[in-house]
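In the two assemblies presented below, chain A is common to both, partnered first by chain B and then by chain C.
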Partner chain A sequence: MLMISPRMASGTQEKQYTPSLLSFFIYNPKFGPREGEEEKKILFYHPIEVEKNEKIRNVGLCEAIVQFTRTFCPTKPAKSLHTQKNRQFFHEPEENFWMVMVVRNPMIEKPSKDGKPPTVEYQEEEILDSVYGAVLQQCYSMYKLFNGTFGRSFEAGGVELLIQKLEKFFYRYLQTLHLQSCDLLDVFGGISFFPLDKMTYLKIQSFVNRVEESLSLVKYTAFLYNDQLIWSGLEQDDMRILYKYLTTSLFPRHTEPELAGRDSPLRPEVAGNLLHYGRFLTGPANLKDPEAKFRFPRIFVNTEDSYEELHLIVYKAMSAAVCFMINASVELTREFCEQLDALVGPQLTLLASDICEQYNINRRISGPEKEPQFKFIYFNHMNLAEKSTIHMRKTASVSLTSVHPDLMKILGDINSDFARVDEDEEIIVKAMTDYWVVGKKSDQRELYVILNQKNANLIEVNEEVKRLCATQFNNIFFLD
Partner chain B sequence: MLKRDSAGTDGGLPENTSLEESSDFTVLLSGTELKQSESSSSLGSDCSSASQIQTSQNEEVMTDGWRSRRKHVFVLSEAGKPIYSRHGSEEALSSVMGVMMALVSFVQVGGNTIQSIYSGHTIVFMQKGPLVLVSASKSRQSELQLRSELLHVYHQIVSMLTQASINRIFQRRKNYDLRRLLFGSEKVIDGLLDVMESEAGFLLSAVQCLPLASSSRDVLNQVLQKAVTPNLVLSLLVTKGQLLSIVQEKMVIEDARLKPSDLHLLLNLIRASTSFQTGEIWTPVCLPRFNPDCYFYTYVAYLDPPECSVCLVLLSTDKEAFYAAAECKRKIEEGVRNNSVLQSISKAQPCQVRHVGVAELRHFLYMPFDVPDHYGQLPQFTPEVEAPYATGEERVRLMDLYRHLHSRIHSSSRPLKLLYHSTQRETLLAWPQVTGKFEMYACFSPLVNKSLAIGAVTKLLRWIKKEEDCLFICSPPKYST
Partner chain C sequence: MDQEYYLELSENPVQFENASSVNNVFFDEANKQVFAVRSGGATGVVVKGPEDKSPIAFRMDDKGEVKCIKFSLGNKILAVQRTPKSVDFTNFIPDFPHLEFSHECKTKNANVLGFCWTNWNEIVFVTDQGIEYYQVLPDKRSLKMLKSQSINVNWYIYCPETAVLLLSTTVQGNVLQPFAFKNGTMSKMPKFEIELPMVPKPAKISLSERDIAVSTIYGQLYVMYLKHQSRSTNSSGAEVVLYHLPREGAFKKTHILKLNTTGKFALNVVDNLVVVHHQSSQTSIIFDIKLREPDCAVNVHQPVLPARSIHPYKIPLTGPTAASVPCELYSSSWSVFQPDIIISASEGYLWYLQVKLQPTVNLLQDKGKLMDFLLRRRDCKMVILSVCSQMLDGGEKGNLPVIATVFDKLNQVYKEYLEAEQAYTVALESGPSRFSSSYKRPVRTQAVIDQSDMYTHVLSAFTENKDVSHKFIIAVVMEYIRSLNQFQITVQHYLYELVIKTLVQHNLFYMLHQFLQYHVLSDSKPLACLLLSLESTYPPAHQLSLDMLKRLSTANDEIVEVLLSKQQVLGALRFVRSVGGHDNVSARKFLDAARQTEDTMLFYTIFRFFEQRNLRLRGNPAFNPGEHCEEHNSYFKEVFGEQTLMKSAAV
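Moving on, here comes the complex of A and B:
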């Protein structure tokens, strides 16, 4: 059973299709319980061109499957449906509200001779339920961050308001899903933390405290540097989805004006403010213009208990970005923004260059930055910290990995195995390509290491991983 | 199928096998239950007792008890008619089965095929001809394995009816109620499902041999080789569910190859019907992988009443060959008695892990591959399971662990060369046949480190090499004519 890349397998032109979104819909069976009312259940359906009856049938199938699985266990209904050609994922984020995502299985199209239609081979095993299930859940989390829960919208404005919100959000959001590059990191939904020394960390803490004291309206703050988190006052689950939004949507849209060319519209107006490099990423793009209208995006946090709606102010200076969250009931005026700008701009600019300097010093001490020796992924369930030396620059659209996708899927398999039991475990495998993969789970932390040592045996591999753990993960993993 | 006492008085031979007209086969099969003795310790150690099965059939469906079952298996026809259910009466489940069929059809209409549903259970669908089989399992086995189990269930049904018959029946009458033909044989399928949970043979597609000194095995081989009759295809001796000797007709070995799964099904069928001590059985059996459309005729008898531990099975293509088969049995009995082999058989122990002499090793599975090409069967060697896996539950749990290892290393898209899994309860190692020589799975205490584990494996392999003559049937003999 060799793993030959399909492209090598035959001499003719083979087309490899990656997984793609076939459809995505949201429904609530309670909204159309009687016969003839089925259409009322459907709150959102993509693609919109699908004929009404087919939409009803597809929703009906999902309802039937959920009901059917309840036959065997009423409390654990369907999570996914596997068919030859596609896979459907089910998620019930709020009672009776169901989200369904249908993904087309990756396939290989092999041309046939004699003008016959090409044969298609579906590769069902290439899709991991854990990965795409997590992607679907994240769709809900992202929606909820900007729109609050389904239930509240329904209470506030009935089905019409809910449908409107869903349409507005998902129409755009679905376009940002890049299903072909989802992997283990989507399962974790973790946060990359910026490594800091104690002094600098304290400087940042005191900066946050000062600002929160001066601007009493600020309820929560989060501090990031270089797309990595340093400090957050938000609950973990809220921060993780906000972090995803910031790093995959907001930040990539705003490149640094200092780096922008002379004729770029991003270059700030020179007049006046040379005191700092601070600027708003949300809200007023240009404080100088008194006529310009602005508004801040609203986010919803703590939806399980206090259910707060907040303005999201994201303010950036060089590589440092701060999020200020203020109760949405307050009207944020231009004066307030100018006050914030004057207060935060200079301090943040200074802080940003401090951090940069300190970071460079640290790097010089620890040695030149060569290609990281080990390819690994680390995740800590307790603080959501994740680190990957396998994934290279994450852009908004794609996160590239430096290892073969099959190895990433093996990591996904090991992660699924870890999830079966709530105990410390270790799994070591040797793949067909002679790569070794070591997975360790210890006390809520998971570590995956990929070793390209074809001739090593189990004991040698073990020694290698021990070395890695000694340098990077001291005292975390129990080793034999 | 006919039950006869050893005096061999005349009775009717089995009627014709056009099963649409008569349900002889299954009536006869169920008729054997009448003579079940109290101490039926014969082959059935792995099979649940009849009383347990009775309860299962009468079980209330949709209750907490029913829902808590580890695995449900359903068989229905394309028309949605219930045929079999592992737990609970299939009649009571007919509406659920209707839903299953509806799901299958709905997806089919879209030019697609439903494969499985994942919830708290894994629900797997399989269609074979006019039958639909569904498994709903909490066992967390892979989809591939659950489907392979369903295939075995399908094949067991075929072994009783033949595939050609099944297809023909449903072609004529889509609404046919197959239970009419399978009445009384639910316990065969129940037994099969039980055995698949706790035995490794199905997982590895291999059969287990009783370790026997090669001299004794040679004697048995010779005795079987000589006792032939025209149209005899296969002779085998089985004890305690393990193979003693198997002799095949030349063409069987070379062209057609008896598959281990056929052998398992055959043994299961016999297990379910031989709850008697004395007497002989003559019954049609279909071997689905060998030829799914026709019957062989099987002669089954015990060589050692009243213990009834050594079972002789003769397979013939001739419907009328009962007397010839009985004559073979007589010769074999004589040969076995003359050589006092029965004693060595009864003394022979299924091997135990402690014989290997490696302290950290708790259990292992080993399957050699370097047998001559023409040998179709893959012997497999599973020692007796001892503490801490001696209880039924622990045994199934151990098998679950092996099954999981198997599914990972034999994944169709990302197979592995080695898998080492260390948990709080045990450490497992899976080493597939990349070298071409063998496949093995080992289970150690959780306290081993990797060096100890590798050391233990090395010692184990050495021991197996030393003992392989009596552990495995290395070259299956052919009939001597």
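Moving on, here comes the complex of A and C:
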């Protein structure tokens, strides 16, 4: 199953093909160490139609490459394999469990004259290891969030259970991988934080604390507004992947009922005179429905130490969304959901309109001159804070960027350079036409700016970036 | 049960010779003095006041039965009424003739109902036909009429605090005419009518002075009317009706206190609370007119607390045994005076009634209401703080909203005080001539509970409490910080420290990080230093600290130190240059740090930078002896050779 989306190059008859997923498999060499038992190693293989022997061959090749490169550096075996047609990424998230993703290189198909078959030119250097390596790691993190570790599943139900879980998860998940639109942001896997004044933030704190106190079942809470994070009771790494799930999968699936028409079935019901806009994004769509099921997705957090399995309740009112996480051993009932709805709904509705109001006030005060005219990506490794004026709103299907893919590639290249050394660095690149790309690294922060100024020279570009730092990042320590 | 008595009699009562056939006892509300007059004064008069340790004792001739006896303010002149027509005066001013002189009321056929001193030498005679306002001239031993007013008077009540005299007029006696006295002037205030429960036919006096009391509550003058009503379907028994008498403008019926019973009552005002004693049940109830009940034109109040008796009181027996006998409370021989005086003439005691706040804590379940109540009391601080502690340690579920309400109430009062204080400072600074007289320094009442009180008495102990979950501790401290912020009060550093300490103790660094990210813990140098100290356990604290120092914009030196300590010599230098301080920094400090890195190229760069600076500033790349860079200079020569040293530009 090839997923190829041709992109028309302007003016010519060339057809351009973006990178796409060729295959994806997971294996454990310990499960079939003897000859003739190789098939047992394979825990998951996509595409499923591939002939058994080919599967075995591919897995064996990967095993061999990893084993071979290990001799050079036992702690850091190969991460990827570049070939003309594709690139393979290797990831060992748990001991002896290997995940492999094979991506076909982008290519250009040139129609040839005289009725000969078209020639294909592979662009081997167009895709970045860092980006797709990160995508592979994300696959694991997402799997782990909903299924726990491979090891635990194996312990609990043997290979059968593990295979079953992997198939169930990845069958759907791989369809949502949009490899053509992966970029630097996938490397960062950052979190966008909602800018908020202190007082409103404290109100949210107060709200979270009150809810956790009166609904003592709630173990962790996370609060988001406008798809941006405000508060996380979860640890950073767990929040990172949960945030990814919420913003790229769950939220886009739910349109705003507030925006729905008066007669739309999505419009919230007026219960008594307690009007609130709260509703469950996970679990029951309608509490009044006698058939409603009170089942929520389960997630696994703190897998390194306490290994907790939790119910994930996502509740939303207007633009404010709250995740309540409850120990999975507790069975959630209709009564509990009603209690939560009655408690949280009105408060959250009020809070959401407070935040909206405060946000608008702040925006008015800061004025339009603070609105960035720059295209930039900022990332802080310390708190995973990410900000991009390059990317449009992420949707479930694609992330839209407003700049040319070539520029995005330069950003990725600079990032790879930064990753190689610890020191603070600054890289300025003159790209095609009038574009300049500037990358700055200060302590744990990275900033990438794309400038488009006619006939600008290096000094002017440098000044321009200084100006950006002074207006956008004046409240952090950012060496210039 | 013992903890529930919220009213008590003062521990040190004024003791006097009890009333008997030979000893008459009088009480003067103005000076709060008890007069024990033996045999019409012939065998002695003993005057005991609240403060004076030594009673005033004197003799006077027995010229007939004493009806009324009072000192003028400051015990200057004694006035005694013995007949219905006249009042006798005696000077108590040293160097003035001590001889008694007498004055007869001006109005013909009038009977003097009584008199009241409004000043040390001004007196009002109240007769059944009006009032006469006099100045007493002690040296001339005569009185000078200041003003008079003729009006039919049934009875009168005088409020010494405000110098307002209330006259009962008309046949039913329910039209009250107030007069105010001040510095020799008398002003007639608008009269008003007390609504009687039923109008008798034929008309007869229906309002007794026993059912009227005058007192100031929260700085305002009120006439309290004890309205007796039998309990029936449409009435819940007697009530106290409060009429507000403003200094200017018309009186207004403002509050109704529901007594929910009938019988004999007496009123006191203690700490701005109206205390109603009920004789038959031997209990008292209290009302706070500022405790808001559902809005309506006239505020109807229920008792703040359930009815309780006054705390049992024991009268010590005189003699060698330290025994004591219980005092009969609510005795029919008790007389109650405003605002807070209870006298037992038969036993010879004068007590002040007092409100104990601690017992109210358990009687008033609604914590918000309790705080409203406590914050208006005089000695409330420690009780409020103990309520807070108790509330936090209780660990009841659903407590946070209550805690939030309590914090908000405390901080409301705190903020008002801070604002008053600030306004006062501003007024002082804007020029003493204009405001100094009109602006008084705001009084800090006990109700002002500041952050240090809260920290010392409540939060520090609470956060040490091992039985409380850290989640709850953080929630409470954050709630307090939220409340302070809501009232725009600057949060003190030690509260932040408390939050950080708790978070660090439980390894909740990510929470801490988020708080700092949203600037919930305000920037300060101490906080930045605290963060720096956390770096070893939580590396991101380094970045947080540097960011904070940067935002402070007064901590550039600290930033340089931090960077140098991390051997980021070049970064430090670039920072100094970006803030324009590179002409003044110590070269030696940077060279020392560069040497420590053992990176010779780095050392070269730094050395070169300073040579260039020297050249720019002084025209010579060499270091001054005062800069103590000789050692580095020779090291440079040793590594890079003498010829590498920059040459002086002078050619």
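Some points to look at:
By our rule, the second predicted complex is superposed on the first by the 444 of 480 C-alpha atoms of A that agree within 3 Å, B and C clash if a C-alpha of one lies under 4 Å from a C-alpha of the other, contacts with A are read in each partner's own complex, and residues count from 1 in each chain.
One rule holds for everything that comes next: contacts are C-beta pairs under 8 Å (C-beta built on N, C-alpha and C of every residue); 3 or more make two chains touch, one makes a residue touch a chain.
Just so you know, these numbers come straight off a predicted model, no measurement behind them.
In the superposed model, more residues of chain A are touched by B than by the other of chain B and chain C. By the touch criterion defined above, A:Q16 lies against neither chain B nor chain C after alignment on the C-alpha atoms of chain A.
In the superposed model, A:D129 makes contact with chain B only, not with chain C. In the superposition on chain A, contact is made by A:I427 with chain B only, not with chain C. Once chain A of one complex is fitted onto chain A of the other, the partner contacts of A:Y201 are limited to chain C, with no touch recorded for chain B. Residue contacts after overlaying the shared chain place A:Q164 against neither chain B nor chain C. Legend: residue contacts after superposition of the two complexes on their common chain; A:N96 is shown touching neither chain B nor chain C. Comparing the two interfaces of chain A, the one with chain B and the one with chain C have residues 424, 480 in common.
Those residues of chain C whose C-beta lies close enough to touch chain A in the complex are 397-401, 404, 471-472, 474-475, 478-479, 481-482, 485-486, 510-511, 513-514, 517-520, 540, 542-544, 546-547, 549-551, 559, 568, 571, 574-575, 578. In the complex of the two chains, the chain A residues touching chain C come out as 193, 196, 198-199, 201-203, 205-206, 209-210, 212-214, 216, 230-233, 235-236, 380, 382-383, 385, 424, 443-445, 475-477, 479-480. In the complex of the two chains, the chain B residues touching chain A come out as 62, 67, 72, 96, 99-100, 102-103, 106-107, 111-121, 123, 136, 140, 143, 404, 408, 410-424, 449-451, 453-454. Chain A makes touch with chain B in their complex at residues 1, 3, 57, 61, 64-65, 67-69, 71-73, 75-86, 123-126, 129, 406, 409-410, 413, 417, 420-421, 423-432, 434, 457-459, 462, 480.
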